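Both complexes below contain chain A, partnered by chain B and then by chain C.
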Partner chain A sequence: MPEASPHAPAVRLRVPRFALALPAWAWLVSFFVVPIATIVWFSFGYKPGLFGTHANDVLSLDRYREALSPTFFTTFQNTLWVGLAGTGLCLLIGMPTAYWMAVKAPPNRRGLLVALVMVPYWTNFLVRTIGWQVILAPQGWFSELLQALHLTGGPLEILYTRTAVLIGVVYNYLPLMILPLFVAFDRVGGPLREASKDLGAGRWRTFTRVTLPLARPGVIAGTVLVFIPLMGDYVTATVLGGARGNMVGQLVASQFQTAQNWALGSAMAVVLILVIAATVAVIAALAWVVSVPIRARHRLVLEEVA
Partner chain B sequence: MTTAPDTTRAPSPEREQDEAVVLSRVSKLYGGLAAVDDLSLTVHRGEFLSLLGPSGCGKTTTLRMIAGFEHPDTGDILVDGVSVLGVPPHRRHVNTVFQAYALFPHMSVAENVAYGLEQARTPKAELRERVAEALEMVRMRSFANRASTQLSGGQQQRVALARALVNRPSVLLLDEPLGALDRQLREEMQVELKLLQSRLGISFVFVTHDQGEALSMSDRIAIMREGRIEQLADADTIYSSPASAYVAGFVGQQNFVDGVDAGGGAVDTPLGRLRTTRGTGVGVGERVRVAVRPEFIDLSAEEPVGTSENVVRGTVIGVAHQGETRQFLVETGSDAALLVRRPTPLAPALRVGDTAWCRWSAEQVHAFPHDPERSAAPPTAVPDEQPSRPHQGEEHPR
Partner chain C sequence: MSTTTPSRQAAAPATDLGPPPPTRPLRSWGDRLLRVWGLVVLVFLFAPIVVVVVYSFNDGRLLIAWDEFGLAPYRAMLERPAIRSAVTVSLQVAVLSSLLATFLGTMAGVALARRPGRWTYWFIGLLLLVSVTPEIVDAVSLLPWVVFLGSDAGLTAFNNGIVRLVVGHSLFSTAVVSYIVRARLVGLDESLEEASGDLYATPLRTFRRITVPLAMPAVLAGYLLSFTLSLDNTIVSAFVQVSGSTPWPVYVLSALRSGLRPEIAATSTVMLVLTLAALGLVALVLRRSGDSATDIARTMGGG
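== the complex of A and B ==
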């Protein structure tokens, strides 16, 4: 390369700084904004005939009226129940597990433990869920074992019920809860817990006053990561919940695939999105309201001195 | 320091006895290796005691056993005369200032200080008063409502101190609390810590690897090595009458020469026959290690007249100005050069390459039995500066 003279005008291509964000924007627009906008657009249309899937020449809110019919409302309710119970169970199981992994387990084993949490997640989703179908079947080995041990009177009657769906979703989404919780607990670190104990707080007080408040971002991340995909879950519900259609995800899928009514499916999908957003907002507000008196109890503001 | 009323001293009857903490024949093993080895130590009421030693000597383990974070494999620990074996940290009347302060980042300065009192279910009014008082004591009252994450290292240090002292512990444990501060702030905090300690009358157990810190603050210093206490005495005694070559080398600097006892206070060394008025502690013909401090060696360009005792001729191979003192390195023909330190006004005008005569009084020569078990040469000097830790960026308080 020839030596540039110090007086030569600097020829530099100035690229605006946001250029680096372009791929991300392109990705977001083409894979998120456009599909969602399409769904919203379709939801205002109708199914033109037996062989058509959607038409938008007449716009109306009729599909929403259909979507909010009592049958669908029951399913929404059911979905919400599975979503809340599933997330709650994941939190209940994930919290002690993640705490143990981050705090109690020997530090040199933590990598292995994280891998063990991840391995099932890397295995095919459907295969694992069908595995549960085998286990929970009334003629399955688990049912027979329980009967042999005289723990149940008759064959296991769980498959194709809401309980089976709940077991399935908890199993499938648990890693998404454990990992952010693990990271959060791990980041709190030993010295702060020791300082708390040194100042007279027992294990439980240390957990509620130091570890948990500092791990809050992880709790929020885990809850959101589990709750949102769980509400839209379709595979687990189909395999373990059977044809009864317990979850909205199944309803949406059946409108698109079986009934070929894209307009109604879209309306249901939009309602689902709104319900999830509203639920998250309500839970966040509730959590905040509950935390107000707790925070007030520990707040200490001394009068300012000159 | 502001002079807040001295209410942090709690005169309760069970604290009348003189021993705040007693460690009796305590050992702690890590994978078969003794981190603390049959150690006995008494911390008196109101005493500032330092545990001084290089990293890995067991000083932090000892501190953590008193706090309750580690449990001794053998031996007993008494706090206020009562055994605390099996007592969890939160039930011990002992508080710690941690190395990296460990302030709770989600609480304000005042809430951090209040934490211990809250655990003790102190009434709110008393709690407010004591928190304010403790913050005043460390001159952090005006920072009470700040987030603890908005403080500089020195300020965090003060808050950590207030957070521990507000509980009026029987003994305050400090785990290298000044290590993360820059030099000037560290020296200032040393003075403050000592003042605070003597005013409150609470026993301090201070862990450090910095001899300067230990010497300037402590009533007594325990020099630790390989899980044992090598010497436990006040700073003067440790400086003037070290119990072993290790202690001699760890506190201050020493010139060490190995030799053989020639009887009558004489030792034959590569530097010639050296004399000491102190005993060698071994029989004639046995190996000894002779030590003399650089500040006790006199240096001149001419051969001293009238005496040939402890006189060594050499060549100056290095001169270093150090402000109030000047250091000379004198090659004497043996493998080790002698380090000589003279006050600048009294320093001879010698340059590198000049011939110089070193002489010293026989009273300043220590001789230690050669220690075959621990033959590793003791450090001649402890580095003043530790590799910097992540908490730098100090601002000067006030």
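== the complex of A and C ==
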């Protein structure tokens, strides 16, 4: 460090250590922290009249009560269902894929495979979702193919249902699950698995007792990376969900864009964040509770050999 | 990400080549199943993209109903002024917002890697918060704020659509660039900077001549990632945009309501090729600077 250098000039401008981060900090505070704080403030207000969007002269929790009223509550339930099912499916689909990419695929192909998973991730979200709209359309080629193969009785009737939204979100967020899992499995490394096999463990036992526990950070990262944006999803639900596949994201958006009720929309946004945080906390707690007996059973105490 | 050390750099070529593959007599059923599964997932991941590219050659009136093969959508793409202006706005915003994010993020990343302290926890917490907040919440909170800044606070710049979009797109990207730059510098020894200081370089000169060149691959990768993120941004754009400067994804979103036409697929295909070119460049830059497939995946997955 320059400070430790013996040739450091005697008079130096003392800049704080975080000086270089200051512009970014200021930028994020003024266009992220302050706006979010404003939203929280709005959520305690009300919509003053037909043409006003928000007022805060009387503060109350009424907007929260309204946001959780039965009409909107079903949407929250629906969102939570899609969020949990979507994340679960991503994990189920993504884990074997990531394991195959990191462990079983030939090493010289791994770069290519990672690139192949990343291409969909970096193509336009909206365009990918429109691709699904084309595939799932009742008069589309996929529907006709299924009918020609006599797999379905009539045209495909998935579009604009919750199933379509689920397919869409699993598709859209799957790369976010595969990439961290790939990194985690890749980190475990071959020698450890070989050691496990040499010590008599079978394939399955090696996976559950060595590979998976060591890849746990990747599982956690993938789950969080998928679950959080999925809960706030707006585009997929709009393109594939129609009126029935309602998500909270759409609800918040409509309060701001069409209903012009910023107070209620803000309350919904705050509730959405709270629901996400609470669900993550509950899942983390559950995972911990489940892991306690497993760890206790497999604990190995090394006796001191005299 | 903080565990990377210079030894990783040295070991990278060796692990890339790997030991000679052990000759396996027979693949087990489990392995075959895994392989089929992996390939099916890849097909799943590419299906809608392939569909959009194929349907961009649809000469029909509506995107969803296939009519016949033709190049009419590409001609229409070049002729429709609305499409041209939307793409132009998107490209302008992408260039500006990614420059801004790279500038802010690089400095923040350097500070995080080279000047850590108690402040680091707070700052990384802020960056994490920025990257995990659902985009819709970002969007609805930014809208009242820019309206307030533009009208009540008298900062008329915020009535400009481009400015609003640049601000909106720069937030998440700043966090991403900070992570990438920090991850790269943490993996590099500080001795070069120390040597520069010992040779009487001023801190500014050391920063300009040593630190920035060392961080350059990460900076470039961060820039291109911000660029694609900005091109992709739909939700924040839909909220903060001003009519007259509608970016491309918002144009597509509004076209959804009036019926999608094949031009949209054609333009998307062109944008896809552009994005892939940018990403290829990122991967090339990272590989040149000695990253393995895993490191590239980590960097491009946003740390």
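Remarks
To be clear about the criterion, the second predicted complex is superposed on the first by the 283 of 306 C-alpha atoms of A that agree within 3 Å, B and C clash if a C-alpha of one lies under 4 Å from a C-alpha of the other, contacts with A are read in each partner's own complex, and residues count from 1 in each chain.
Going forward, a residue touches a chain if its C-beta (ideal position, glycine included) is under 8 Å from a C-beta of that chain, and two chains touch if they have at least 3 such contacts.
Predicted model only: the values in this text are computed from it and were never measured.
Once both complexes are superposed on chain A, the partners chain B and chain C fit side by side without clashing.
Shared-chain residue A:Pro120: touches chain C; no touch with chain B. In the superposition on chain A, A:Gly249 makes contact with chain C only, not with chain B.
Applying the stated contact rule after C-alpha superposition, one finds that A:Leu146 touches neither chain B nor chain C. One of chain B and chain C touches more residues of chain A, and that partner is C.
Working from the superposition on chain A, the chain A vertex angle toward chain B and chain C, CA centres, sits at 80° in steps of 10. By the touch criterion defined above, A:Thr38 reaches chain C but does not reach chain B. In the superposition on chain A, A:Leu212 contacts neither chain B nor chain C.
Of the two partner chains placed around the shared chain by superposition, chain C is the only one that A:Tyr99 touches, whereas chain B remains out of contact. When the two structures are aligned on the shared chain, A:Leu80 is found in touch with neither chain B nor chain C. In the superposition on chain A, contact of A:Ile283 is made with neither chain B nor chain C. The gap separating chain B from chain C at its narrowest, counted between C-alpha atoms of the superposed chains, is 5 angstrom.
The touching residues of chain A, when paired with chain B in their complex, are 191-192, 194-202, 205-206, 209-210, 213-214, 298-302, 304-305. Chain A contributes residues 1-2, 4-5, 7-8, 17-21, 23-25, 27-29, 31-36, 38-39, 42, 53-54, 93-94, 96-97, 99-101, 104-108, 110-111, 113-120, 122-135, 137, 139-141, 171, 174-176, 178-180, 182-183, 186-187, 203, 224, 228-229, 231-235, 238-239, 249, 252-253, 256-257, 262, 265-266, 269, 272-273, 276 to its touches with chain C in the complex. Against chain A, in their complex, chain B makes its touches with residues 67-69, 88-91, 94-96, 98-100, 102-108, 110-111, 114-116, 118-120, 127-128, 131-132, 135, 141-142, 144-145, 163-164, 167. Of all the residues in chain C, the ones that touch chain A in their complex are 16, 18, 21, 28, 30-31, 34-35, 37-38, 41-42, 44-52, 55, 63-66, 103-105, 107-108, 110-112, 115-117, 119, 123, 126-127, 129-130, 132-145, 148, 167-168, 170-171, 174-175, 178, 190, 193-194, 197-198, 200, 203, 206, 228, 231-232, 234-235, 238-239, 249, 252-253, 256, 260, 264-265, 268, 271-272, 275-276, 279, 283, 287, 293-294, 296-298, 300-301.
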